[in-house]
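Each chain carries a letter (A, B, C, D and E) given by its place in the written order, and its residues are counted from 1.
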Amino acid sequence: MSEPILTLAGLDAFYGDFQALFGVDLTVSEGEVLAIIGANGAGKTTLLRSISGLIGNKADQVQFRGASIGAERPDVIAQMGLAMVPEGRQLFPSLSVEENLMIGGRVNRKGPWNLQKVFDLFPILEERKAQASTSLSGGQQQMVAIGRALMANPDLIMFDEISLGLAPVIIRDIYKALPGIVGGGMSAVIVEQDITKALEVSSRVYCLQEGRVSLEGKSDAVSREDIARAYFGVE
Amino acid sequence: MTQILQLDGLSKAFGAVTVADSLSYTLKEGEALGVLGPNGAGKTSMFNLITGTLQPNSGHITFAGEDITSRSAAHRSRSGIARSFQVPQPFTHMTVFENAMVAATQSAGLRGHEAERLCIDVLEQTELLDKANDRAGGLTLLNRKRLELTRALCAKPRLLLLDEIAGGLTEAECTSLIATIKSIHASGVSIIWIEHVVHALMAVVERLIVIDFGRKIAEGEPKAIMDSPEVQAIYLGIEADV
Amino acid sequence: MKTDIRISRTSNAAKVAAILAALIVVILIAAPYWAGRADLRLMGEIFLYLALASLWNLLAGYAGLVSVGQQAYVGFGGYMLFALTIFAGLPPLVAIALAGVLGALISIPVAALIFRLRGAYFAIGTWVMAEVFRLSFAQVSALGGGSGTSLPTDIVRSMADGRSEREALAYWLALGAALFVVTTVYLMLRSRKGLALTAIRDNELASASLGIDIWRTKFVVYVVTSGLTAVIGALIFLQKLRISPDAAFSVNDWTAFVIFIVVIGGIGTIEGPIIGTLIFFLLRETLADLGTIYLMVLGLVAIVVMLKAPQGVWGFISQRFNLQLFPLGYRVERHKDS
Amino acid sequence: MDFLNAVVQGTLLGGLYALFAAGLSLIFGVMRLVNIAHGDLIVLAAYLGLTTTVVLGVHPVVALIVVVPAMAGIGYCLQRGVLNHTLGDDILPPLLVTFGLSVIIQNALLEGYSADPQKMDAGALETASVALGPLSLGVLPLLTFAIAVAVIAGLQWVFYRTPLGRAFRATSDNQDIAQLMGLNKRHVFGMAMALSLAVTAVAGILLGIRTSFDPSVGGGRLIFGFEAVIIGGLGNLWGTLVGGVILGVAQTVGATINPGWQLLAGHIAFLVILAVRPNGLFPRISG
Amino acid sequence: QTPTLRVGHVSPRTGPLAGFAEADDYVLGAIQDHFSTGIENNGKTWNIEIISKDSQSNPNRAAEVAADLILGDEVDIIVAASTPDTVNPVSDQAEINEVPCITTDCPWQPYFFGRNGVPGQGFDYTYHFFWGLEDVIAAFLDMWDSSGVAKVVGGLFPNDADGNAWGDAELGLPKPLAAAGYDLTDPGRYQPLNDDFSNYINAFKEVGAEIVTGNMIAPDFATFWAQAAQQGFNPKIVTIGKALLFPSVIESLGDRGDGLSSEVWWSPNHPFNSSLTGASSKELADGYTAASGRPWTQPIGFKHALFEVVADVVKRAADLEDYESIAAAIPETKLDTIVGPVDWSNGPINNVTKTPLVAGQWQKEGDAFDLKIVANSHAPEIATTGELRLL
């Protein structure tokens, strides 16, 4: 296995005095696709928010490319090459499709992705580029959200609930695009409710339960029973 | 049995997202109904429509003989509809006991010792009595969900709406939760229960509906529903040989 | 072994505080017999500000209605005192009470309009309302228009015979108003309505789903607060003897300073306004002669407190020592009987 | 004729109000900040302009070259040093902090410049006029109106056509996600305040030419600014201009009925509009 | 041991009215120096302690500090000056708290009627010396009559204490102006800090007004005056009370300040001397300019005179320990002060006495403006220093 690009060491996370994550340890290797699964409210989104800096942590609880970033500001972390496709897409409603993509490119990192490349990946977006982002269908919005993250040319991209609320056909399209995205050596973390899909695209999987890692393993090696147990704590 | 709740062609959309699409069904007094559907199907939104946190674009809701479509959430609560929130909504700066008291005094309309007595009893039943003096903001997720149930029960509901309260429970906890809900049901309270933990649901409900994209796609006896290939495909993600 | 569960609504600290408070109140009631005229007047003013602050705290800290227009009711109450005594010939005490009733009444249509606004819009709406009050009273020439008018000395003299009796009466009225307001706020918050208010402040979504009519609850608080604020306004201008639109509807004197008091003391607590009032007057009495410097210090204190201790002085203390002098909550106590 | 004159003069007055309001509208739209000190900042700008004209002996309009960057710098520092720490769901902290600022600015000006009314001498510009049919219009009010339109058009251009504007809109839509795009929200807010106070500088200079000012006149102007912003709808800059004009016209028309109703008429117009449309006439986002 | 008599003083040191109090430090300093040896009363020397407080130009605050002085510092006499917003609240507090009070620098009508005074009854403890609206009208007419302009006047009165008094249909300008054959156009009371005077200008233009008069605060006048030019309204005489008192205001108007006129209550040319120091008006004014580097202003004389009256009352009071006795000494004053004679026995109404008033015009001489006295027929002892020029 190659060098870890991201390491979490004993990560705790809080919302006020409510603790949502308890000592999570996790690594992502260079070029790997990692899946994170878990029930509603298990803490998956919280985990991604902690990594991306939206929730402040202790500096050394999150290491990215050897730097301790746990206490960094989110914009600094973004500049370092960590991008996120947030849960529920969260496009900027006052920005057009093209502007949403352009704002993703603000960090100005060198790399293969640019506006044209994103349009090549999702041709429908080029047709709609001047439209308000809210007028798109859910699937198209998800494409914008992904394109927006890619525009930053990140080293590690994180997807939160990549297929949530999307029709099966669209989910299929999105997943079809995935290899083209992570193929170029980019590492990825994918949070997914659909376990079958999650296992299919990832090399390793973590399961969270109530803010703790309840399972970790190679995606092709974990069994359905393991997952069911890890998911609900069902014995 | 008389009917207690009737949804009649209920529709609601947020821009392009349709969360309720001509939704209609009836619930009989004392009945327990299970609701299934994939994430984002509109299940929670349906509860929001019934409790009045959302206003439908069209359609009607009748509760206990009264058309409540345009009544306030508060009115609906006082007339006997109680719910638990999927994402718990505790009064974070109040203690657990005070959270319960809000429901007992405001919704159930009880006063003084009567209200306090009810809260104590319910807290005992939901195993939160030990935490009665804790600030609700500091509870773990599990206890927050228990608090949701506690508050709903302290409102002395005729209709109880439960939104994913079994998620994340251990087997033992799940069993005791099922027992609790069964006993609530046995006391004559009508129940609608959204749950992904299917076996828990199956242990309690008498009827099941399945929702996808805001549409009711199946309704009927639980076992039959679970066995239908359509439900298997949509809900469990088991794709029938594509 | 069987456990016996009791619900307690008080604490030892609160019991001690209550005894102390009773003692202090007795001493304060006797003030006309031990304090000088100046102290009496200063204390009277402190009580009136305490009352205003407690009311604003109820409005903003509990009902979430951040109003910067409460001077509308202070001024309205003051003007009603003048109008009712000068034109209707009512005795001042009756006029003060009636000013409260009228204040509550006029706040009803006002609420109907500004309750359509939220957050910052609401705040600005209340301010505009107060301006409308100010400009409207400036058009009433019977009350002196923009120049204002003085309370005829006969009316003031009719309240009590002799200067010191009158001063004592004014003092007791102020003390009584402060006690009444603080007690009312305390009892209201301990009641069912208070539980509803606290719940609304925490989470409106959950409150509505638990049977709380949010609009009505806030409306009632607004009307009650406005009525009482008008009473305080009448008392204030009974002391001042002269009223003019700019003085009566001064946003600085009746709202900004009051907000300052509440926020410094600790918003959303009953103790906060009390502490805040004491701090405010401490600053004022020591620095007011510095003029501009005093006001700059006041501004600076407001900024520093907001940035460093947004929960205010009392919030800080009560968190530190887990102290509550006016217990509002419930504690579940278990006694083990064998 | 009376009426026509009232409407025209009111429209021009509205330009001044819109200028007072444009900066408020900008920061209100971008970060939901209610800046109570805005009126005093306008007065501060007027004093800076006065000092510049006196020290450098230049025309007030030329003083803009100094005052605009100075105010922008003050705005940026103010935002990063103080106001950023007050932002959140609660509207009280910014309210109280900017109130504190307002008191400090007012009294510091009083210390520095005394309470004497001051005025900037713009020479012939102050009294020049052009005839338009039966009406005689002051060049200064016309210029003010034109500048208001230009400033708003400029802000609109920045807002909708530049990367900075994109950053404003994105941060205003969703602060968290904007940060994930590498935007430092503190810096973005700082820039918004800088821009807002740059506009304030223009407003302050024009105010100082139009009328005499002293440290206490800021508060009275502020409320018109807020009204214009709210009438126009949150974050809608052209709406702010319309709001200013509505206020101006309501005031001058009210004054022809009875001068005592001048200000009252403006406030009443504001309340009526709110009663009918609580989100203003042209809300960009429901707020 | 010498007993101490405390004198409370309230004035607007800060805020929009601060111009009125800008010479306080100088005047009070000089008075205190003079009082340092004490004042003799019934063969006994009394120390005089002056305690001065700031009303912040706010009537609320004025009432508060007056009460502080009376109740806290327990002053034996309270004095106040500068506009009804300071004078009235202080007097009200004094009256109700039974403390002798002397005030000035506010026309007597807003003082007396603004406090709901009843003619023939008056007040028990509060006394006032200044001039009245009848004097200002007389002085204005005196100035206008000689100018030869059309007798069409535009009136600008704000809705504040001064404006309401000046514009009052019964007691203010309208009646005497009409009696003197002037045609007054008064569109109504505007709210102070007005941003637009178009409707006034329009109304004045329509009737062809050649004279503009009124009582305004400086910012409002500046707005009006600029708009008048923009909208092509060019009156020949502009005589405004209050706003045009101070040289700083005139200077801030630049060339447009030249030729504006106003009432003159006191100037270095007034032929009166201080009963305390013997200094002439010119010496007092020059003293201030030398000490502060600023031009003289009219309130200087009256502030000085206020303490002249205090000193005189202190000397004469039968029993300084008794407030009733001090109060009784005030109406018996017959004193020639630096602003003219103060004698309550010949006042126009209870508790009020008047000092002479003339009219003046600001005229530019070189770089500086000088307030020339241009009409004096009602107070011929005050010599004119210039001729009225039309704008």
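Heads up, the rule we're going with is that contacts are C-beta pairs under 8 Å (C-beta built on N, C-alpha and C of every residue); 3 or more make two chains touch, one makes a residue touch a chain.
Protein names from UniProt, one per chain: A, B = ABC transporter ATP-binding protein; C, D = Branched-chain amino acid ABC transporter permease.
On a predicted model such as this, the values are computed, not experimentally measured, just so you know.
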item: Shared chain contacts [chain D and chain E, defined touch]; value: C
item: Third chains touching both chain C and chain B; value: none
item: Centroid-based (C-alpha) most distant chain relative to chain A; value: E
item: Whole-Å gap between the CA centroids of chain C and chain E; value: 39
item: Centre-of-Cα separation between chain D and chain B, whole angstrom; value: 50
item: Between chain E and chain B, distance of the C-alpha-averaged centres to the nearest whole Å; value: 77
item: Computed distance of Cα centres, chain B from chain A, in Å; value: 31
item: Residues of chain A whose C-beta touches two or more other chains; value: none
item: Where chain D touches two or more other chains, by residue; value: 110, 260, 263-264
item: Per-residue overlap in chain C, given as positions that touch at least 2 other chains; value: 135, 138-139, 292
item: Touch relationships between chains, expressed as pairs; value: A-B, A-D, B-C, C-D, C-E, D-E
item: Chain B residues touching chain A - in the complex, by the definition given at the top; value: 15-17, 39-40, 86-87, 92, 135, 137-142, 144, 164, 167-171, 174, 196-197, 213, 237
item: Chain E to chain C touching residues, read off their complex; value: 13-14, 53-54, 56, 58-60, 63-64, 67-68, 71-74, 84-85, 88-89, 92-93, 95-98, 110, 114-116, 123, 158-165, 189, 191-192
item: Complex contacts: residues of chain B adjacent to chain C; value: 51-53, 72-75, 77-78, 82-83, 85, 89-95, 97-98, 101-103, 105-109, 111, 116, 120, 129, 132-133, 151, 155
item: Residue ranges of chain C in contact with chain E within the complex; value: 36-38, 40-42, 45, 135, 138-139, 141, 144-153, 156-157, 163, 239-242, 244, 246-247, 250, 253, 289, 291-292
item: In the complex with chain C, residue positions of chain D that touch it; value: 28, 32, 34, 82, 85-86, 91-93, 95-97, 99-104, 106-108, 110-111, 219, 223, 226-227, 230, 260-261, 263-264, 267-268, 270-271, 274-275, 278, 287
